[in-house]
C-alpha cells in the first residue's frame, strides 16, 4: 500500500515572477518540482480587478514547471493548481506556499493523522453563471472530488479549502449581453465578491455546513446567509473556472506536517487563533513563541471588512473609502493581527471573505511541522 | 494650593465635523467645553497631503468652541490645541480624544502620580525652516514650555508628546523659491516626513534623549539617527507652526486617570505593549480583558513602514506601493495589532514615525481610568 | 414690471473652504452676497463616497452666508442652492461658480433672450427611494418648480439643470434594513450612480425628453435607457434630498450673460462643443481664442467612462481600475479635452453621467458674457 | 547599396501579455517577427514603482520572440529594444507600437526623407549613478550610437528618442548603502523622476540642445534647467541600464512612413500639435479628420504635471494628490487633449516629462503612413 507524503514550503520572492527561491530548493534537492500539486501565491498587486501580478506569477510558474513536467506552459494549468492571491498590504510579505505530494510504498504509518492534499477543477463558467447557483453546485462537486483525491472521507478532517474563481470584466459582461444573458452585476469589482461568495457556498454544501437543497441564485451575498468555516476563495481575472485545493488530515499519511483551523469572529479576533494553537498543537503563541516560529509553515487566512460597518461596535470606514478598496484595508488589518500573534509576516491573508466565516470574520488554518 | 484635575474622553463621531457626541456629553453635564485644553482627533481622510478632513474637523471645533469660549472661531486656535491626525485605515474608528483641565482648590492629594497635561505652540515657520534645525530647536523650546504648563519637572514623567506640524505645499515652496530660499524637499508628500522628523528630534532634545549640541540640519531623516520614545507627530496642511501637547504624570494632581508608555520595536511588536500593561498597570490584556476594556480610555500610537523594507526579516511592499502611501499601510497594520491586543478599534494610531521610536517601530501610550 | 438680472462669477479658491476670492468681490462691491441664489463648486476631493471636501466647502459657505443673510448656518441651505462637485483631476482647477439674481424695476428689455436661473428642492428621500421611481418623480416635479422660478416656459429654453443628490452610506443602508426595506444596492460607491441616474431621468421627464408614464424603478441604469441632454447630477454624502438649479434663457431678462449647450457624443468629442460655440455664439475656439478667453465665464460639463469599455472603438481601462475610480479617470480626460478647446482649466467637469447624455458622452453648457 | 525599410504597427492588446494581435499580423504575413527591432508598449498598470504590467509584458514578448529568434528569452533583450510604459489613464487604450527594420537591396530611393530607426543600450548603472552625471553621459553616448545605427547624421533629423531607464527600489538603495554609497534620493517614486531627468539630459547633450561641458550631478531636476524637445523617457523596475530608440528621417530610406514632432508648451497645448500636422504633413486635424485617421500610426507624447502647480495660470491639484500620483493625472489629461485632436485613443502618452519639453509641457511625435 502507498502512503501519502505531502510537503509544504513557504518560499519568499522578490517579485511576482521571481522563482529563484523555488529553484534554489529544487537545485538543493529538497523539493522535486515534478511533485508539486499546488502553489498558493501571495503576490504584491492590489488584489482587485486589475491586479496583473496574479497572472504574471502564473505565467512564470507555467514556464518554470513546463520544462520539469515536459509539457507546454498552457498544459501546466491542468496538472498543477496555481492559485495566486493578490495583495500584501501592511506588513504582509510576498511569497509562495508550495505543496508537493508523492506516494510512498512501505512507509511506516504515523500514529496520528497527518497532512493530506487533493485538487480538482470545475468546468469553465459562462459569465452569467458567476455568483449564482450554477457556480455553487459545480464548486461543491469539485470539492467532493478534491476530498476523494486527498483520501479524506470525513468532512471533519477537511481544514482548509482554497479556491480560485473568475471575475467579470467589461468584456465578459459584453459577451453575456451579446447572448441576451444578464450577469449578476454590472460592476467588475463587485463581481469578485459574487464569485467568491458562490464558491464559498459550494464548499459549505460539500462539507455539510449548508443543506444542498437550500441552494438558490439569491443566496449569494444575501443578508444573514450561511457560511463555511473552512472556505478560502480568491477571485482573479486570469481564469474562467474554479480551481479547488483541499487541505486536511488523514490516517495513514506519512507527511511531516499537521494542519488545524479556527474561525475568527471578527477582524481583531486573535483569541480564536490563539486558542486553536493551544488546543490543536499544544502551543501558546506567547509562551512558546520560539517553537511556534520554528514549526509554523504558514497561516492561511481570510479577511474582510465587516459588512455592517462596525468592528466591536465601533464604526470603520473601509466600506466608504473610494481610494482604497475594502479588501485591501482588511488584509492590512488582519495581517497585523496575525503577524503580531505569530511574530512573522510571511502569511497568506486573502481578502474578500463572503460566506467564508461569519460576516467580518474568516477562517484561519495553520500548517505546522511535526 | 490648587490641584490639577485632567479629564479624558474618547468620543466617537459620524464624520470629520460631527461633534454631536461631544455636545451630548456637554449637555449631560459630564464635560464643560470651557475646560477643554486639547483635542486629538482621528479623522477619516488619507492622512497625507490632500487630507482636508483635518481642517474640516478643525473648523467644526473652532465654531463649536467659539460660542462657549466667547471668542471668534479664529481665536479658538490660540486657546485650545486642536490636533487632527488623518487616516483610519483598516479597523481603526474615527473619534476625538478630548482633554480637559481645571484646577481644584482644597482637593485631597492622591497617593500616587496622576495624569497631567500641558500645551504650547512654536512661532510660525518659514517654508525653508521645515525639516531643519530651526524647527527642531523651536520645538524643543515649546516642549519645555508645555512641561512647565503641565507641572512636570522630571522628563521621566513625560509619557507622550503630541505635536502637530506643517507640511510644504506647492504654494509654500513657490513662496520660498520667490525669496531665493530652498525648501528641504520639492516633494509635498516627502515634506511631511521631514517636518515630523524635525519635530520629533525637538522632543528628543527636550526630554534629554538627544544632546542639544548635536543638532544640525542634516540630522533629519539621516540614517541611524536618534529617536524619541515618547514623541508623536502629525503633519497637516492647515497650520504653519508646531502645536505641542505634553501628557505625563505628576504628584499632587487629582485626575482620575493614569498614563504609561511603551516603545514598539517594529510594526508587529504587541509584546512590548502587553508588557507595559502588566508592568505599569498590573493588567494582562488577555486574562484581564474585561478590566482593560472598562478602564482603557485610549491608546496613542505611532506607526510607520520599516524604512529598510523588512519586518522580522521578511520583505514588505509598503514603500514600493505607488497606489497607497506607506503611512496608510502602516496605520492599517498597527491598528490591527493594537486592536487585537485590547479588543477595541477606537484607537489613536498615527502614521509617519520618523525619529519617533526606532525605525519601523514607534511609541505607544495608554491612558487608563484609575 | 421687474426684469431678472442674473450674474455669474467663476472664482478661484486655494482650498475647499477658501472664500477669500468671493469676499474680495463682495468687498469691492462687485457682488452682493445677499443676491446669491446658487453656488456650483468644484472641490478637490475624490468626488466619490468619502469626499469630505464637498461638505467642508458647504460648511464654509453656510458660515459665510449666514452673517450676510442674518440666519443660522443651517438655515442657509434652504435659501441658497449649494452644489459641490468633488474632483479636479488632471488639469482641472478648483473654483466656485457663483450665481446671483435680482429683479430690476424699469430696466430696458434686451432684444434677445438672456440668462435666467431658478432653484428648487425635493423632499428628503428614504434610503430605499434612492435610485428608484420615487426619486425620478420628485426630481421632475422640482425641475418644473425651478423652471417656474426661473421664468422659463418652454423647455427648449432650458440649457442646463444641475442637481445635487444623496448617496447611500453604510449607516443609511443599515437604517433601511432596520425598517425591512431594501436599498437599490449594497455598494456605497455604486449608490452614487443610481442616485445620479434617477435624478437625470427626472430632468428628462420634466424637459419632455422622456414620457412620464414610462418611468419605473427598473429604468435606472438599465441598458439602452433614455437620457437627458441637459442634466448634470452630482452625488454627495452631505445631503438627503435633491437640490435643483435650472439655467436657461428667457426674453425680458436683462442679464449680461447668455448660455448655450451641446451634447458630447463621447469623451473625446470636442467637435460638438466647437460647433456649439460657432452656432450659438458665432465664435470659433481656435480662430477667436482671445475673445473666447475674454467672454467665457465657465463650461459646465459631465463626464463618464463609456460603459461599453470602449472609446472610438478602442478598449479603455477605466472600468477595470480598482485603484482609481472611473469617475476620476473620466473627469481627468474630459478636463483635458475641454481645457485644450477653450485654453483654460478652471472648468466645471463633473463625473458620473448616468442618463446624462449618451453612454460615454455628456451634456456641456457654456456661459458667456454678452 | 542597401536601403532601410522601417515598418510601424499600432497593435491593440487585451492585457499586458496579450500578443494575439501581433501573432495574427505575423501569421497573415504582414509582419515578420524576426525584423522587429523595437517595441514600445503602453500597458495598463499605474506607471509608477510597483507597476508589474511592464515586466509582465516584457516577459511575454521575450517568450514570443525567443522562438522566432531562436535564442533564450533572456537573450531577446539584447537583440530587441522592449520599452514598456505603464499607465493608460482616462481614455488611453493599451497597445504595442511594433517597429521593424530590414535592409533592401536595389530598392528605388524615395524623393524625400523617410522614417529610420536605430537602437542602443548603455551599460548597467550602479544605484548611486541613477539621476546623476554618470547616467547623463552614458545616455548621450548611447543616443549617438543609436543615431549611427539609424543612419542619421544631422541631429535635426532626429524626431523622437525613446528611452527606458531604471528606478531605485528599497533593495537597490540598501545595496548602495551597503557599499557606503548614497543614492540621489531615498524615495522610490521620486527616483523615477531623477532617472528620467538624467536620461533626458543625455538626449539633450547628444542632440546639441545642451553643451556637454555644462553637465554636472546637480543639473538633474534643478530649477530652470535645460530640456530636450525630442526626448521621451520611461522608468521601470525591470531593468538596470538605459535602452535607447532613436526615431528620425533620412534620405535614401524606403520606408512607407514619415515622422514629425512638436513640443507642447503645457498640458493643454493642442495648438502646437495641430500646427505640426499642418506644417509637417499638410493636414488639418479638424478639416482632414478622415485622412488623419487613416494615415496616423501613432502619436508618441510625454505628459507631466506642471511643477509650478499651475496650468494657464490656474492652480492644479496634481502635485498635492496623495491618492493618485501626478504622472497618472498628467497622462489622463494629455490623453484627453490628444485623443480629441486626432479622434482616437490608442496613443502612446507617457508620464513624467522631467527635462523632456518645457516644465509642464512635453515633446510629441507623429508617425504617419505616406
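Brief remarks on what is shown
Every chain is named by a letter (A, B, C and D) in the order it is written, and numbering of its residues begins at 1.
The definition used in the following text is that a residue touches a chain if its C-beta (ideal position, glycine included) is under 8 Å from a C-beta of that chain, and two chains touch if they have at least 3 such contacts.
Everything numeric in this text was worked out from a predicted model, so none of it was measured.
Residue numbering at the chain C/chain D interface overlaps substantially, since over half of the positions present are found in both copies.
Interface matching across A-B, C-D or B-D places the copy of A-C, with more than half of contact pairs shared by residue number, at B-D.
With centres set at the average Cα position, the gap from chain B to chain D is 46 Å.
If you average the Cα atoms of chain A and of chain D, the two centres end up 40 Å apart. Shared contact sites, meaning residues of chain A that touch two or more other chains, fall at 14, 44, 46, 50, 171, 315, 317, 320, 323. By the touch criterion stated above, chain D contacts chain B in their complex at residues 46, 48-51, 169-171, 174, 177, 186-190, 221, 223, 307-309, 315, 317, 319-323, 325. Listed in rising order, the residues of chain C touching chain D in the complex are 12, 14, 44, 46, 88-95, 267-271, 274, 286, 311-312, 314-318, 320, 323-324, 328-330, 332-337, 339-341, 343-346. Every residue of chain C that touches chain B in the complex is listed here, in rising order: 14-17, 44-45, 50, 52-53, 55-56, 59-60, 63, 171, 237, 323.
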